[in-house]
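Structures incoming, each one as structure tokens.
Here chain A shows up in two complexes: once beside chain B, once beside chain C.
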Partner chain A sequence: MKERGWGSGVGGRGLMYLLAALAVVAALLPVYWLLTISLKTDLDQLSVPPKWFVFGPTLTHYHNAFVERSFGQYLITSAIVAVLSTICALVLGTLAAYALARFRLPHRLNTRLALWILSTRMFPPIVAAVPLFLLMSDLRLLDTTAALVITYTAFNLPFVVWMMRGFFKEIPRDLEEAALVDGDSRLGALRRVILPLVAPGLAATSVFCLIISWNEFLFALTLTQTDAAMTLPVGINGLVTQYKIEWGMMSAAGVVAMTPILVFALAVQRYLVRGLSLGAVKG
Partner chain B sequence: MSIRRKLFRERALPYLLIAPTVAVLLALSIYPLIYAVKVSLQTESEGGVRWTFRNFTRLFSDEFFLSALKHTLVYASIALTVEFLLGLALAVLLNRSIRGRSFFRAALLVPMMLPPVVVGVIWRLMLNPRFGAVNGTLKGFGFNTEALAWTGSPKLAFASVILVDIWQWTPFMFLILLAGLQAIPEEPYEAARIDGSTPWQTFRHVTLPLLKPAILIALLLRTMDLLRIFDQIFILTEGGPGGATEPISLYIYRTAFRFGDFGYAAAMSFVLLILTNIISLLYIRLLQRQEDV
Partner chain C sequence: MNVSFRNVTKSFGPSVVVDDLTLSTEDGEFVVLLGPSGCGKTTTLRMLAGLEEVSSGDILIGEQRVNDIPAQRRDIAMVFQSYALYPHMTIAENIGYPLRVRKLGREEIERRVREVATMLEINKLLTRRPRELSGGERQRVALARAVVRSPRVYLMDEPLSNLDAKLRVQMRGELKRLQHELGTTTVYVTHDQSEAMTLAHRVAVMKAGRLQQFDTPLNIYNRPANRFVAEFVGSPSMNFLEGLVDAGARAFTSAEVAVPLSDSQLDVLQGQERVTLGIRPEHVRISTVVREGLLPATVYVTELMGNETFVFLRLSGGEKIIARASADFRADLETPVWVYFEMDKANFFDATSGNIIASERGSG
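Moving on to the complex of A and B:
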């Protein structure tokens, strides 16, 4: 890290730390508040001034949501859909990315295809939601996990292609040319030489896909209707009714929905900027 | 295997590898588009289905549509400006070695990785006028919070929705801009120092121009996301009160899935699609330039 710009003096440093601390509090306090609400009794939830630290914690809301109500099932559906769609997108997308990064196709087709693939990612989901709803209902896939897996695979594909294409391009060509000379086929070289080298990138990309699928709401909302295929976000939305909002259960389910995501996000910190910018900025 | 066959396989391989991806994307992006064109041009009348432009002409006189469009644009421009300025300020001030740096980064990435639905839940809890942490804390300091019905009054609800977006996405701007800052080499700064530039001059004439690619990428990606905003608002205010916070994607959703008017929803989708397309074309142009270098 280089020292440059403002606040090199002692006062400047102090101000900087103060600012950093404020930003951390602002980012984390609301999340902590959600956690406390999920652990509070109904009475403590309503107390004014709010109880930030001292209250008798209870797991009632977790029990209610995950044992009495169907949130355990939503959790399983969420996990299945996220894992399956990630695997599908990863397999298809990595192969395409390899071809786009390594072969020189005529008519600048590499770049053109790559950019077209990216442009499908820019599609606002609501534009696709209605036609997909009718397509899935024609295929009799409405309210099934299959509908979500297919949709999320398509949704994640452009992301995988762009991330993996970047990782492949960073590997020197000589390495696989050496393998090719040794008599490996193209795919053999990809499997034995290249894939192990891009393994960290592959891992990061798959974690991003898991996060994106796990967090998705709009398609899940439109393509599922019953407990059979509802994911956690849709289940949480179901707790807001016209007459009553189940604060405790809602926050308990919220905590469960966010925990794996936070663990995953910390695991891919190193690639975060790259993932967020679809590979355009290498952090 | 004959040499000819081997050569053919070598030629065909890249296409075989790309084909499945292209097929899936065609099926799930082109199909919806064609479908949307079709239903948006059809209206039902007594004589059966007729081909008309009614769904499109209706757009101009639909008060709800126009205000949803306005909400989306106002909302996007305010959130974008604040997030950019805040993120840039944070990135410039914190672009140096500080202790606890990795903890700091980890903490900041929390809001933007959260499921949007959970973000909506969190802020419903924070802003609840009766027992929410915001009003509760203000009351604790002796403020009168009766007028602060955050998501209950149209103006405050609009502000709340923007505030939540700023809370969630300022870290995104910060991280991308910080990465951009760190990619700037040391030499131009040394040159500026030798010339005796003030910090402001250095920022204006060295940092900003060199940061431009990162700035553009951050702004374009964020704009696209803001134009399609749905999840958080759906949970936080459901577009209310009285449609005061309804963005265009939520109105499209209601039109299609609550009122069952798929044709009109598709017509509105095109407006959103065109808006997003302008931004995404700019973004792709930008990437293309990077590729060509």
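Moving on to the complex of A and C:
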């Protein structure tokens, strides 16, 4: 009992809480600032010294962004693109990962294919921007949500394949062999036995995909031009104009953009933790 | 339904795991594949299950060639060493799974699950999940999942090896009883020779991918086809003495040991020179008084097993042999004793090939 670790005793515990509080403040301060700006009048936003807590709140910016301007439309586009691309990447990536994790291919093709897939994540996305633009232009998909769904699916795939491959490898082979011998088909065994067991992994992977797609800016900027296919990040960027920066509307849109992901992440938090630590402890 | 392997070979790249296996079971027979790890017995079972492809040769279930039939359509049930219970399902769901994928009605499934659960005495566990069960209970669930339907063949891959010794013996008995009642052909893989001897109608002993002998437990024990089988089956292992056949002296001689041979043994050994004498520990008798024909030996060490004693002896030539003596046998280390071989129970093996040397009649 002589040894005292961090966090034992009143002083230690106090210090721990202090550090934790600092971390929380550092993480949440920008969010708080964003939220207050979105509720402040143009005048209050720029007042010196800044009005931290006391100001007359207003919903003007929200009204301007979502009623006067098309941010409602951007929100819907963002949601469609993020959800569709996540679903596509999950379906394709999970099947690919299952195959790579389970089937023995000649010449160590499993590992080679997997590394090859991973390598597509290594180059900076900007490299792909121009070729993608030309490709989508040829396919007459410029300025469509389809272009974004396809692009995000492609860019999320390697991530899904690698995450899910790891999760599949954790599942004992015996289980699906038992399912096969019990009379189930490969896909049946995958659906009834394997997928329920990797559900936490699927949840974790889908959160990441969703966040990446939701926040993606570069391709959305390159591949879309009009309200028809513009996503929230591109829309927000459009508020920086030659003459003026619409801080209020930007913040309002930012707050709205943040909310769904926050809610979703909280909803699957339990799975998220389990998914990320899956494999650390054999269940 | 009977199972046949016809010249079945399985290789992974350059290594041949199962080499030209030919073996046929009778309908309703309990066949045990026995061998040390890496002998190809599990691969053989997995090929029969459809979990491993056959490199060459044919596997038949009944009259049907199943080489190209996927596992799910072979109509077999398998018990895995790890039990392979589905962790996210309840015990009832686990047992009912083979019925569910066959799209049986909910009531029919429930009825049959309850029936099997009662038979295996696990009906109180039906609502639990595998992780809440003990090893023995999991074992029963795995069995229940196999017997819940009536497949053509049961396959068992070392199903008892994860149980503790006492439970293993108990389950072994129940398994034998169960197979008897169901009357379904069963192929069972184990490296435990006592399981093979107690369970099997016939035992297939394998080594390095090759079938060594396929016979009844009694014949495997008493008439092993070669030195490997003789050594692998039986505990403690058979004693071997290298030596020569001296036809003139009508005896087997090894270093300083000379054992007289009977007429029939001389017949069988005719033309042989260098041979290996194999004698089981229970056929080595120990005497503390000297009599004619007895071999001098010293006690190396003794192991009291409770109901019997294993006596490790050193013959005058330095060879070590083991004898089985009664539980009340007592001797200090290095005590001189005399031993006697029950030669009518002895086997002779070719010194180079290791194959048994037997007359046509005796080889059966």
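Here is the rule we go by: the second predicted complex is superposed on the first by the 246 of 283 C-alpha atoms of A that agree within 3 Å, B and C clash if a C-alpha of one lies under 4 Å from a C-alpha of the other, contacts with A are read in each partner's own complex, and residues count from 1 in each chain.
Throughout what follows, contacts are C-beta pairs under 8 Å (C-beta built on N, C-alpha and C of every residue); 3 or more make two chains touch, one makes a residue touch a chain.
Remember, it's a predicted structure, so these values are computed and weren't measured experimentally.
Novice: Of chain B and chain C, which one contacts the greater number of residues in chain A?
Specialist: B
Novice: So, A:L92: does it touch chain B (first), chain C (second), both, or neither?
Specialist: In the superposition, A:L92 touches chain B alone.
Novice: Looking at the overlay, what does A:D182 touch: chain B (first), chain C (second), both, or neither?
Specialist: second
Novice: Check whether A:F103 is in contact with chain B, with chain C, with both or with neither, and answer first, second, both or neither.
Specialist: first
Novice: Let me test your reading of the model: by the given contact rule, A:L139 touches which partner, first (chain B), second (chain C), both or neither?
Specialist: In the superposition, A:L139 contacts neither chain B nor chain C.
Novice: Applying the document's definition of touch, where does A:A228 land relative to chain B and chain C: first, second, both, or neither?
Specialist: Neither chain B nor chain C is touched by A:A228.
Novice: Identify the residues of chain A that lie in both the chain B contact region and the chain C contact region.
Specialist: Shared contact residues on chain A: 283.
Novice: Can you list the residues on chain A that touch chain B in the complex?
Specialist: 1-7, 16-17, 19-20, 23-24, 26-28, 30-31, 33-34, 37, 45-50, 52, 92-93, 95-96, 98-100, 102-103, 105, 111, 113, 115, 117-120, 122-135, 150-151, 153-154, 157-158, 161, 186-187, 211, 214-215, 217-218, 221-222, 232-233, 236-237, 240, 245, 247, 250-251, 254, 257-258, 261-262, 264-266, 269, 272-273, 276-278, 280-283
Novice: Hey, which residues of chain C end up touching chain A in the complex?
Specialist: 49-51, 70-78, 80-82, 84, 86-88, 97-98, 101-102, 131, 145, 155
Novice: Please give the residue numbers of chain B that touch chain A in the complex, ascending.
Specialist: Chain B residues touching chain A: 10, 13-15, 17-18, 20-22, 24-25, 27-29, 31-33, 35-36, 39, 90, 92-98, 100, 102-118, 121-126, 130-133, 136-137, 139-140, 167, 171-172, 175-176, 178-180, 182-183, 186, 189, 199, 202-203, 207, 214, 217-218, 221, 224, 227-228, 230-231, 234-235, 238, 249, 252-253, 256-257, 262, 265-266, 269, 272-273, 276-277, 279-280, 283-284, 287-288, 290-291.
Novice: For chain A, which residues are in contact with chain C within the complex?
Specialist: Residues 172, 174-175, 177-185, 188, 192-193, 196-197, 283 of chain A touch chain C in their complex.
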